[in-house]
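Presented below is the structure to which this report refers.
Here the chain labels run A, B, C and D in written order, and each chain numbers its own residues starting at 1.
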Amino acid sequence: MADLEAFRTETRSWLEANCPPEMREPVRGEDDIYWGGRRATFKNDAQKAWLEACVAKGYTVPMWPKEYGGAGLSPAEAKVLREEMGRINARPPLSSFGIWMLGPALLHFGTEGQKQRFLNEIARGEIRWCQGYSEPGSGSDLVSLQTFGEDKGDHWVVNGQKIWTSYADQADWIFCLVRTDKTDKYQGITFMLFDMASEGVTTKPIKLISGSSPFCETFFDNVAVPKSYGDDCPAYVGTINRGWDVAKYLLGHEREMISGADGGERAAAIGAAMKRHAAKTGDDIDPVLRAELAMFDVDAMAYAAMGEKFLDEIKVGKAHPAQPNMMKYAGTELNKRRHELVMAVGGSRALEWESEATENGKPSKAWLRTKANSIEGGTSEVMLNVIAKRILDLPGA
Amino acid sequence: MADLEAFRTETRSWLEANCPPEMREPVRGEDDIYWGGRRATFKNDAQKAWLEACVAKGYTVPMWPKEYGGAGLSPAEAKVLREEMGRINARPPLSSFGIWMLGPALLHFGTEGQKQRFLNEIARGEIRWCQGYSEPGSGSDLVSLQTFGEDKGDHWVVNGQKIWTSYADQADWIFCLVRTDKTDKYQGITFMLFDMASEGVTTKPIKLISGSSPFCETFFDNVAVPKSYGDDCPAYVGTINRGWDVAKYLLGHEREMISGADGGERAAAIGAAMKRHAAKTGDDIDPVLRAELAMFDVDAMAYAAMGEKFLDEIKVGKAHPAQPNMMKYAGTELNKRRHELVMAVGGSRALEWESEATENGKPSKAWLRTKANSIEGGTSEVMLNVIAKRILDLPGA
Amino acid sequence: MPLYHNEDQAMLADTARGFIAEEGNIAKQLRHWRDRNCKDGFGHGLWKQMAEMGFTGMLVEEADGGLGMGHVEAGIVLEEIGRNLTPSPFLTSSVLAATALKHGSDDLRGRYLPGLIAGDSVAAVAIDETAKHRPERITTRAEKSGNGFKLSGAKSFVIQGASADMIVVAARTSGSDEDADGITLFAVPKDASGMSHDAVRLVDSSMATHTKFDGVELDGDTVIGEVDGGRAVLDAMLLAGRVGAAAEGVGVARGAMDMTVDYLKQRKQFGKLIGEFQALQHRASHLYSEVEIARAVTIKAQQLLDAGSVNAELMASVAKAKVAKTARLAVQEGVQMHGGIGMTDEYDIGLYMKRDRALAEFLGDAYYHANRVAELSGY
Amino acid sequence: MPLYHNEDQAMLADTARGFIAEEGNIAKQLRHWRDRNCKDGFGHGLWKQMAEMGFTGMLVEEADGGLGMGHVEAGIVLEEIGRNLTPSPFLTSSVLAATALKHGSDDLRGRYLPGLIAGDSVAAVAIDETAKHRPERITTRAEKSGNGFKLSGAKSFVIQGASADMIVVAARTSGSDEDADGITLFAVPKDASGMSHDAVRLVDSSMATHTKFDGVELDGDTVIGEVDGGRAVLDAMLLAGRVGAAAEGVGVARGAMDMTVDYLKQRKQFGKLIGEFQALQHRASHLYSEVEIARAVTIKAQQLLDAGSVNAELMASVAKAKVAKTARLAVQEGVQMHGGIGMTDEYDIGLYMKRDRALAEFLGDAYYHANRVAELSGY
């Protein structure tokens, strides 16, 4: 504990010295987030300085080992760092699917060569990764995926189509599930890594109902993927044909991440803020809506306690391994309800799509965005199936 | 229309002359309902006089043909009779499953001989019938029933067990689904009629959570059922092994009856009455409960309109044949919600099980009773299955 | 009167369904105008076609050149408009403004109804002053000035305000903000000096304005009905508009449901059509029940309104609330059951979600009307 | 403090679960006493056993002969009581009355705590005056009379009032009915002259009284805490009771859910176990989520209360409301999924439904506490 306090003091002064004032402002738009990669540009010097300071210290990936670009912090130290960054509202220096998804997979399944190369690239923000999982015919039923890699000895020739590849049009590399054996549904998928600049890769942004296009369709037309990138650095994670194990691990990780993120906005009560909001525009909140807000606040505060309990239990291995599915289900459904209520309180003003007062439709775009919460990363229906099967042990689930 | 008005005038004076004042009081307890049958006794002279007047006029079953004990009224006339009886709060002279269930089956499937005998007995309240459908292993999946009638030439020997036989312990005869062919699930059931006094029939009342025992378990231990009760009067309705057709017809009829009954209490708004009720006991209704009442009233009044529309459409054959399933589903779920709210407004007083103020737990017993609404006559789950299959035409439903 | 459509109404429904599916469908209207960033938010061509179909003047008396039909008939057209998400001035012009103008002078009716019936002009209504619908409180003021009035204040959520040739404005001519009395309705012409619009596109691609009245001089003959007696006109207009909005909402709900049920029969996952999954079947069946019920109570409200029943007001709020809840359920289930593609702009189901949100808010949401049901019921 | 049980608490949970499942199960206690029409509604033998287990004095300070434990520990016992529907004076005596007595004089604590800890005596609390829980309004009056007070008024929903050796009564000693101040709590002994009980059996087979105070003469030493300063004591008692009732409700919900999930694995229809039907699976999974969440917030409320946090009051209302909604869902789904047999007295699931109803009402239902959440949050 004394050590932790020392770490806190040290961290606090490091942040004081290294986090530029501009990086202590809330993120206001997409370009306030630095995603890294070959084509990345910094919005301003502060963003660049902040990234470089963090890279030097290993703070883009604080819990990763130092040899892979991290700071080797313990969970308790990482928590202190989070708290201290939160205290000054420090922005994350670097956001990426490499950090959130590929990194954990490589840490768990990767070879030393892969870790040395890819983790360091990720930690430094040099390579921006995207994820190639879903296909038009394979959403909830991911394992039915059809993108095929034909074995050509030292390389595969990959053909097929992915969908919901986040920012594929801006990514440098992709980690991608490719069928390499058509005879075995589960044990016929390989978790491949390859360059998006490879010949035959094209992307097409998908316009969402919220107006933004964070996802793409990605097409592979005879893409040649070498089996190795050098010594101890295969082009696949884990074993050939056993990519489903990696995918499942990552899905679990993703749900845990989504559910673990619920200490924040998602779990907060909103009634009081809504009353203040309404008062600002000269509105009152009618009694029936107030009752709905009260019922929501009960659920939200209860869910916040659940989030806290879940994280506490995760830490000591007490949580049921399928519990992240429950957290994801309850948290995303709650968040959808939250934004329905925010829209209700906001009334006709919140309907505005293009107006200064709403910063071009912030409330309605945020509301529409939440509708994806219960679809991405496993639909609510899949979550309920998993709970039925793995927690309640119901037959045939 | 002029004829109808004449009929109304005539009916009004007939009721004036024949419906005793005691029979114009609300039904207050089980013994205010006259069920008929061999063992029936009248609570008082008025009950007897009212029955006899109605029997003579054919008004226990007003729409049945005169030769079977009815009054041969048209639907429009029957509506006038209902309205006029309603106007003076006249009690039904006779209640019975013979009227509600067996009668319609016989009118549709029965032989002349069966109609002559059984319908007249029912109309006069001489024989009280009960229904033998469900079995412990066959609830929602009724057609899986196991009670077996072994063919012995001129009779069957029936063995098995029924459950949820309403008032079996007080009934004279039973109409009963019996398997007569084990090789065909659907076309191996016979709709039998037999005397509950037959040797080998025993009944055991089932105590419900509401404390009452309107249902029995009924056991058949080598019960001999003759195949015929005389000329043109077989002991089964329809054809041997085709009893499922009769049963399905009756289930449809039952759902229609349940759903058609919703013009009344079920569909009514309750908020205003609840406010008066609360005021009487010095209580107020808190704002969140008030909001729930308001949302309920919206649903209740909307459902009332649906009930009206449904009946209008039924009359002219415009209703989807599976629509009664929707009405039953929505109506019973609504009624359960209604009683939850009544209990909430009633507070601790409504919890009383044995007290004068609650007439020995009327609110709580009525509340518990509603929980069967969505189970009996086809569960809500079965209704939803039927809507999916027959109305929405969903695959595999 | 039975709660289903009579023969004439059924015929009208067939006609309306065919016409609007053909001419008013999503590709031809909503997407077309939206993708062109149309400043009206609807197409004048279709409005003219609707006039030719006789829709525009349905609620206008025959003496004034209309068809003298009722709200059941208007509701038939509105349901199809809802089903096809057809942007048009029908609800505001042919229902709300037309209802207000029924109370107008011969002169006013003569000035505005012919253009409206011909599909040549458009009318809007300016009621709300804050972000939530609170017509009980009117602060926009019209003060006596010479022969006429001087109008000052601001209104929001004026649907198609910038496209309108005339705007019905509810203003206070006496009393204090919360008074029931003291309201006057004005037919404000588009060129009234001192009136300015801040037009904004809404989530459903419709256009609405924040409209300011900065000492707008109005002649006395712009008054609809009696000075200080406008509450009755306003109430009649709101009543017609709410029942109409409910009918349109029924169409939105049915359109979203039908599209979703169709999708359940096409999309395969886990080797099955997703419509084979019982959990989705039950949700679809529940939705069907709710939509049927919402539609029934909407027809009930239309009939009561046409019959001049005292219960029309209560039933209008019941219908508006029930439809709002039901259409909300329909679009939420619709998007969720469509899964990922339900989130894309390419598929129409998201457009239903957007339209529902704006339509439900218009003239009071489910909360407002549930509360009103309680108040009208005396609790 | 992490939101799971520490080692000592986990051990206590094991002990409590084993003991109550063995001695407090439905057959041995609830049905046993109910079917004998027991006038207490619980068994004194079990109460004595609970004393021997050390449960009765959990919340009593060690100096007073108790264990000086907290609400997390009491909640562990209550959850098992809820799961087994065990009728006992634990919640009213060992939580509510014991909390009130913490504020009592040495003399009062010495008079009542030893019997309570030993399981020899029972205490009740008299708070409600109307059918709904409204402790903000106290009309029962205690007037100065000689050295003591004269108590007049009536209370309802006094759980086990007729069996109690002492009743904690909240009365008004000054001010008007709605005042926050002016409340005094009294420890009224069972033989107080002028106190009369009308005992009624409730739906869950527990016994409650309508208790009348007809000029009951009380010595000054029956006052718990300060004269006129009883609101703080009452609030503390309510807080402890609500958090305790939430814990018991979690047990009811978990008991009903477990029984139902088991049934889904046994009952066959249509040639399948009904637990194979996806619609039921999803409902069961949803219920599981809700129960987990309700349990989490209950433990949170217990910890905040034990830590003396200012947020304890808000979180207690959140927990009480959430648990009430969740247990309601659990028993409703339980009865429905059991189908016909769920309606029979022979099966236990209906007993869960009855207990939930009475328990949720006690100390404020979900509506009351949701409203309180809004008020405490400032809206």
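In the analysis below, contacts are C-beta pairs under 8 Å (C-beta built on N, C-alpha and C of every residue); 3 or more make two chains touch, one makes a residue touch a chain.
Not measured: the values here are computed from a predicted model.
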Chain pair among A-D, A-C or B-C whose interface repeats that of B-D, sharing over half of the contact pairs by residue number: A-C
Remotest chain, subunit C as reference, centres from CA atoms: D
Gap in Å, rounded to a whole number, between the CA centres of subunit C and subunit A: 41
Chain centre separation (subunit B, subunit C; CA means) in Å: 44
Whole-Å gap separating subunit C and subunit D, where each centre is the average of the chain's CA atoms: 51
Multi-partner residues of subunit C (each touching 2 or more other chains): 277-279, 281-282, 366, 370-371, 374
Shared interface positions of subunit A, touching two or more other chains: 287-288, 290-292, 294-295, 381, 384
In the complex with subunit B, residue positions of subunit D that touch it: 128-134, 156-157, 200-205, 208, 268-271, 277, 279-280, 328, 332, 335-336, 339-340, 342-346, 350-351, 353-354, 357-358, 361, 365-368, 370-371, 374
Parts of subunit B lying in touch with subunit D, wherever the complex brings them together: 134, 137-141, 144, 163-164, 206-209, 211, 278, 281-284, 286-289, 292, 336, 340, 343-344, 346-355, 361, 364, 367-368, 371-372, 374-376, 379-381, 384
Touching residues (chain side subunit C, partner subunit D) in the complex: 277-279, 281-282
Residues of subunit B touching subunit A in the complex: 287-288, 290-292, 294-295
Residues of subunit D defined as touching subunit A within the complex: 2-4, 261, 264-265, 272-273, 275-276, 278, 281-282, 284-286, 288-290, 292-294, 296-297, 299-300, 314-315, 318-319, 321-322, 325, 366, 369-371, 373-374, 377-379
